[in-house]
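Okay, here's the structure, questions in a sec.
Note that the chains take the letters A, B, C and D in the order they are written out, and that residue 1 is the start of every chain.
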Amino acid sequence: MSERVVLAYSGGLDTTVAVRWLKQTQDLDVIALLVDVGQGGDTELLRKRAMDAGALDAQVIDAREEYANEYVTKALAANALYQDRYPLVSALSRPLICKHLAEAAHHYNARYVAHGCTGKGNDQVRFEVSLAALSPDLVVLAPCRGWGMTREEAMGYAMQHNLPISMTPASPYSIDENLWGRAIECGVLEDPFIEPPDDIWERTSDPSSAPSEPAYLEIEFRRGLPVALDGEALPFSQLVERVEKLAGSYGYGRIDMIEDRVVGIKSREVYEAPGALALIEAHAELEHLTLERDLLRTKRELERTYANLAYEGLWFSPLREALDAFIQSTEQYVNGTVRVKIESGSVRVVGRRSAASLYEMSLATYDRDDAFDHKAAEGFVKLWGLPLKTWARARRADAASPPGAGSWEGVSEK
Amino acid sequence: MSERVVLAYSGGLDTTVAVRWLKQTQDLDVIALLVDVGQGGDTELLRKRAMDAGALDAQVIDAREEYANEYVTKALAANALYQDRYPLVSALSRPLICKHLAEAAHHYNARYVAHGCTGKGNDQVRFEVSLAALSPDLVVLAPCRGWGMTREEAMGYAMQHNLPISMTPASPYSIDENLWGRAIECGVLEDPFIEPPDDIWERTSDPSSAPSEPAYLEIEFRRGLPVALDGEALPFSQLVERVEKLAGSYGYGRIDMIEDRVVGIKSREVYEAPGALALIEAHAELEHLTLERDLLRTKRELERTYANLAYEGLWFSPLREALDAFIQSTEQYVNGTVRVKIESGSVRVVGRRSAASLYEMSLATYDRDDAFDHKAAEGFVKLWGLPLKTWARARRADAASPPGAGSWEGVSEK
Amino acid sequence: MSERVVLAYSGGLDTTVAVRWLKQTQDLDVIALLVDVGQGGDTELLRKRAMDAGALDAQVIDAREEYANEYVTKALAANALYQDRYPLVSALSRPLICKHLAEAAHHYNARYVAHGCTGKGNDQVRFEVSLAALSPDLVVLAPCRGWGMTREEAMGYAMQHNLPISMTPASPYSIDENLWGRAIECGVLEDPFIEPPDDIWERTSDPSSAPSEPAYLEIEFRRGLPVALDGEALPFSQLVERVEKLAGSYGYGRIDMIEDRVVGIKSREVYEAPGALALIEAHAELEHLTLERDLLRTKRELERTYANLAYEGLWFSPLREALDAFIQSTEQYVNGTVRVKIESGSVRVVGRRSAASLYEMSLATYDRDDAFDHKAAEGFVKLWGLPLKTWARARRADAASPPGAGSWEGVSEK
Amino acid sequence: MSERVVLAYSGGLDTTVAVRWLKQTQDLDVIALLVDVGQGGDTELLRKRAMDAGALDAQVIDAREEYANEYVTKALAANALYQDRYPLVSALSRPLICKHLAEAAHHYNARYVAHGCTGKGNDQVRFEVSLAALSPDLVVLAPCRGWGMTREEAMGYAMQHNLPISMTPASPYSIDENLWGRAIECGVLEDPFIEPPDDIWERTSDPSSAPSEPAYLEIEFRRGLPVALDGEALPFSQLVERVEKLAGSYGYGRIDMIEDRVVGIKSREVYEAPGALALIEAHAELEHLTLERDLLRTKRELERTYANLAYEGLWFSPLREALDAFIQSTEQYVNGTVRVKIESGSVRVVGRRSAASLYEMSLATYDRDDAFDHKAAEGFVKLWGLPLKTWARARRADAASPPGAGSWEGVSEK
């Protein structure tokens, strides 16, 4: 009996070739596992494709709610944006796929798991590190990294072995998508001075063709998570989709950036994520209203750490757990409603309120109801500036001392 | 002979009242100093107003180029955004005004300087701390903080003393502006759930009324500073103005936020800064192309420190000097051209190139010219994930040890 | 009937004078509250002294265990050292005292609370901010800051009012102490170039007079807290005392530093804290063994934040709560035994072991049992250095481009 | 004609075997380069050994002063301690060796350079990344990582090829040392619970056998660097040696730690570095006296970044250059004299003074010369605590609202 391998199956060329290749060249029985995180497509069709390619078994896991509730919510609470821009669309889904791979490997009694990533992307890192953390004894195979086939050669292999791949000329782009957004790579996008062509966008309209009337949306948050739109309670995943549709229709949510990959290279990446960006914008602003200043400052620093670790494949790490504990503590205060205005090309917060608000009009107003103690400010400013004043005096005293006795340039002690 | 005081004069109600009040109640000879940082207005008219109010002398300092070249350039190199949003419009100009106050105090042999800030804002901090750092022996007066007049009482004082203030009903808003943007406060804006009314905007059009055709702009940077637009070399201040006009006409650049003031309160602040935001966006993206990953990461952290210190009145600090040294070192690499697309409500980078680019297509491409060593990735991933794998093994081993033997009581994995 | 004030009573000159002064000049009924955090002294004697001075009531709260278990444990888990040196001896006890002040104020139906701090220390900040956070409606009085008496004048006041203060010439030093250490201030210590005289030390011997034989101690930790010494389980407070006695007898634990106070001045501070320092040393080293690298790195950064906030009076803050949540998550792994060697003047970890150890000899050894994959290193190093290699190439390419063509004007390598 | 390789030659077994092995198996002409960074030994003897082993040429570079002045000084200014403990003894010397390797490769027209590191240590990373940054076109060989010989096999190879290695039973330890300290690895030290045996120490005496009389040393710093001892001006390298000898003779300077290597494993490391630790202690304390609070705080954070990058082989990085620019800016203030007391097992600062001191006795004293404005403190504390007070009020208000209207647990906006 052959050993078994559970393959993370996407239904595309590479993983379909991998099904056959793993069997043919490595003598492994392949279980194809397609984890549905909202990427769309006819999953049953893809499942059959894996069987036709020679899989011993093929399964589809509907992980859409799990993805929304266990991964995306955490990223939103962390306002996670890698390099301040990328909402971690693919980076978030990989650990979840790995969790199901590890479980399936256990279920099928497989010693191997496999993914279809190449050697220069981030996803290989996310797959292999997540699997090592979840199930350190599994052996991970990366056939597409190892075999060294170009895309043309993979096509040739598929034809030669009569694999069920549609032979229509493929899109020049490589796409990955799920509830939280959509990533577009390859082709002309690899020239970082060329504007992404219009035909790559699916979730965002052209800003110039946006509705001429602005739209308003009131997003209600509880403990850091959006729970209702304009007063209507919605499950998280539906709420994200609705915000995405609306914001995207106004041409909001396109990202075009140079990004530092884990493997040490810079790449040009293009995303569209109108829902993710709009919700992060609203959530972050509600934190401005409800989080104490120092807490906000430290959280903002840790958010970068969070985005980095998620991007770099370290989701199943004790650091992520500890950061989640920190964030969970902060989010107890993040309750309230944010009003956003959606116009062509922009989503902007124009109102926010909360029972937990730390904004006190009686303190902030310049009106006659002013409750702020103006006299206290005098003392405050005095001590706030005392270190600089002392420093300035020391510099001055030092400059005034006779040459040789020590000037600031080459100062000596008394 | 009376002692002298140099007053930071704006020409508004408060500082005009202060001219008379300082003379009348404190028996001080007032030198009114109006520092022009690009706030607009008829400075000669304002100068005369100060004289009419009873100043011993009144001077206008044209500091527009100094402001652009010594303050705004530094803030742009630092991508300085307080709380990730506010480009420090007022915060940047205060230290410059103080520099001129201190110089004038020296020139006029004055022991006192004065400002017109109240007790709950940030500006009092910026004035007093900057002056303490520049000239620790000067005594700073804050008449408006001390006298406790409401706006109505100040009006009354002006009428009673026949001060040359226009008595037309004033705007309900308090405005501060200069080359880098415009701040609007007070009135209905103090309710953070109410959208800012349309009539407050001057430098930004409504996104809905933007030109229907997008515009493109190629911004050339040298050593971190923009030097040319679409190939035309421009002085920095003119370049900023031109970018602001264009971006503002598309409805880009409005900011509406809850902000943490130095004095410990939250306030709702509204700004428009289309030029600042567009240039920071372009500059930051060029850094993505030209700065090495770790350098970029550390710089991004320090940028927050920079924005905080500028906001908090600590411009003339040794920390700012040291940060500038760091940034100056980084900016030697930030050369190249950024292409931005300006559409209704948005400014987005769509292209970037540089002779100093760290993007290498031969490494990044998924094409057949791929020069990346895919085999190296295998080893890299293995060691990259080794700490997590080790941690996972330890956790597992520990969970397997008999009760009492293990030290991880109750830490078993679910 | 007079209003009531609960005074944080220490039994010293200042707070004893304050009892009478508050009654006499402010017409307040004084409840003196002495919170015992392990500072020693005859608390019943001190209680009577407050009554004799004119208090309406006087209470002693034994908060030693609460202090050890709710405050010191948290500081140890955070390895909290302000400016990398000071284990927060006084800073930790103030919030606890405030908690009891607020509770007593509630119990006695008092509108006021009072402390005996002057205006230039940190303790006034800790008292007032803690009380504001715990009970924002209480009014805090600071009689000693307000009355402006020198020490001599306070003595005079005490004599004049026949207050029960011993009139023997007082120590020139100001002492504060508790379970976690001892702080010595004032007198000759205010000259930062003069060595602290021998007579100030109480908890540490002179290193030169230490026992000639080293001692060893095995400290067992569970979830980040020490639970046993040399196999003997001990309550936390007793364990701290025992470690302190032993380490102190070897001359370990003296601290002499320039410290930045909250109020903006530098002061010279002298402490002795042999127990705190030895336990932090052991605890931190056990974290080196049991915490994953990235987790350790982030924790070390947050430890500074933790020490800063505790020092700066912000104990009862949402930031402290969130940091504690982070730390609690990390400490689940900090189990094991640390062996320390105690010699004259030094406490040094010489052994550590844990069921949760992340040290794997089979990976670390250079011996023949080596399980490390040396080939993986080759790929790892290649990608680890790729960003620098790319940067070096770009710099070189740019330097080679003809003048005018390149954007790196004057950036050529030397 | 064979291609040439420049080998970093230490004179030990591995690199001597490598000379022959590179020639024999790779058909390369070997130039052996021994860079003297103060590791001691008879360099001429070692040079001949390389020739005898078959090198085409062998050179000794005396880089001791360059190491002291270009590397160690920077590390001291940065107070660089990896994981707060290790003063980077080996990590600092590797980049310098690489600089000479690259220069020699240029001189000898060699396409290859080689080092003798194995695959699990940090040094391979430092060599290969430094060389990639300095000379990206050089090909780096790592024969000892590739050949897979155990120590016994290497000995066999040496005997078989009659290589000039002394065949006396070698020390069980692996040593690396230079001006800044000494590292001891392997053997029994690989068990992290076993105390390092007495015979490994060379630069530190046993604390118990230290002189009974303490010693004092006044160290004068200029611009962050020590320039004189007890008034005697000394070149930096001599000064370091003298401090090391004195501190080491008192048993100070032993380090025993679990350390996280770049390659993802934890190792147990033992160092002795009395000079480095004593000078860092003194230098850091002088910074407490002369650096403004916020500057000190940011510098301390960056120091960790600095130590990390040096440890991780990233010395020749733009980040290191930018950090050095920051540090250079700070060190202009670090002038003055530090008095340290050296007792058995400890080096402790007991005095510090500076013409640039920011300690002002008139502000710090509790004496009658007190110049501090106690009234200002009242206002300061009020605003300092205002965010917490506001937060406490909001929490309380929220808790007081009727159930359903929103409690803190599950709060909803008004």
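Assume a residue touches a chain if its C-beta (ideal position, glycine included) is under 8 Å from a C-beta of that chain, and two chains touch if they have at least 3 such contacts.
The model shown is predicted, which means the values in this text are computed figures rather than measured ones.
When the partners of chain A are compared with those of chain D, the chains appearing in both lists are B, C.
Interface comparison, A-C versus A-B: the higher count of C-beta contacts falls to A-B. One finds 38 Å separating the Cα centroids of chain A and chain C. Annotation: 37 Å between the Cα-based centres of chain B and chain C. Spacing of chain A relative to chain B, judged by their CA centroids, is 28 angstrom. The set of chain D residues that touch two or more partner chains comprises 260, 263-266, 292-294, 314, 317-318, 353, 357-358, 360, 363, 373, 375-378, 380, 382-388, 390-391, 393.
Looking at the complex, you find that chain C touches chain D at residues 83-84, 118-120, 124-125, 128-129, 132-136, 142, 145, 148, 150-152, 174, 185-186, 190-196, 207-208, 210, 212-214, 251-252, 254, 256-260, 262-268, 284-285, 288-289, 293, 296-297, 300-301, 304, 308, 312-314, 316-318, 339, 341, 343-346, 348-353, 357-361, 363-368, 370, 372-378, 380-382, 384-386, 388-389, 391-393, 396. Residues 260, 263-266, 291-292, 294-295, 298-299, 302, 305, 309, 314, 317-319, 321-330, 333, 383-387, 390 of chain D are the ones touching chain B in the complex. Listed in rising order, the residues of chain B touching chain C in the complex are 222-223, 292-294, 332-333, 335-336, 354-358, 360, 363, 373, 375-380, 382-384, 386-388, 390-391, 393-395, 397-398, 401, 405-409, 411.
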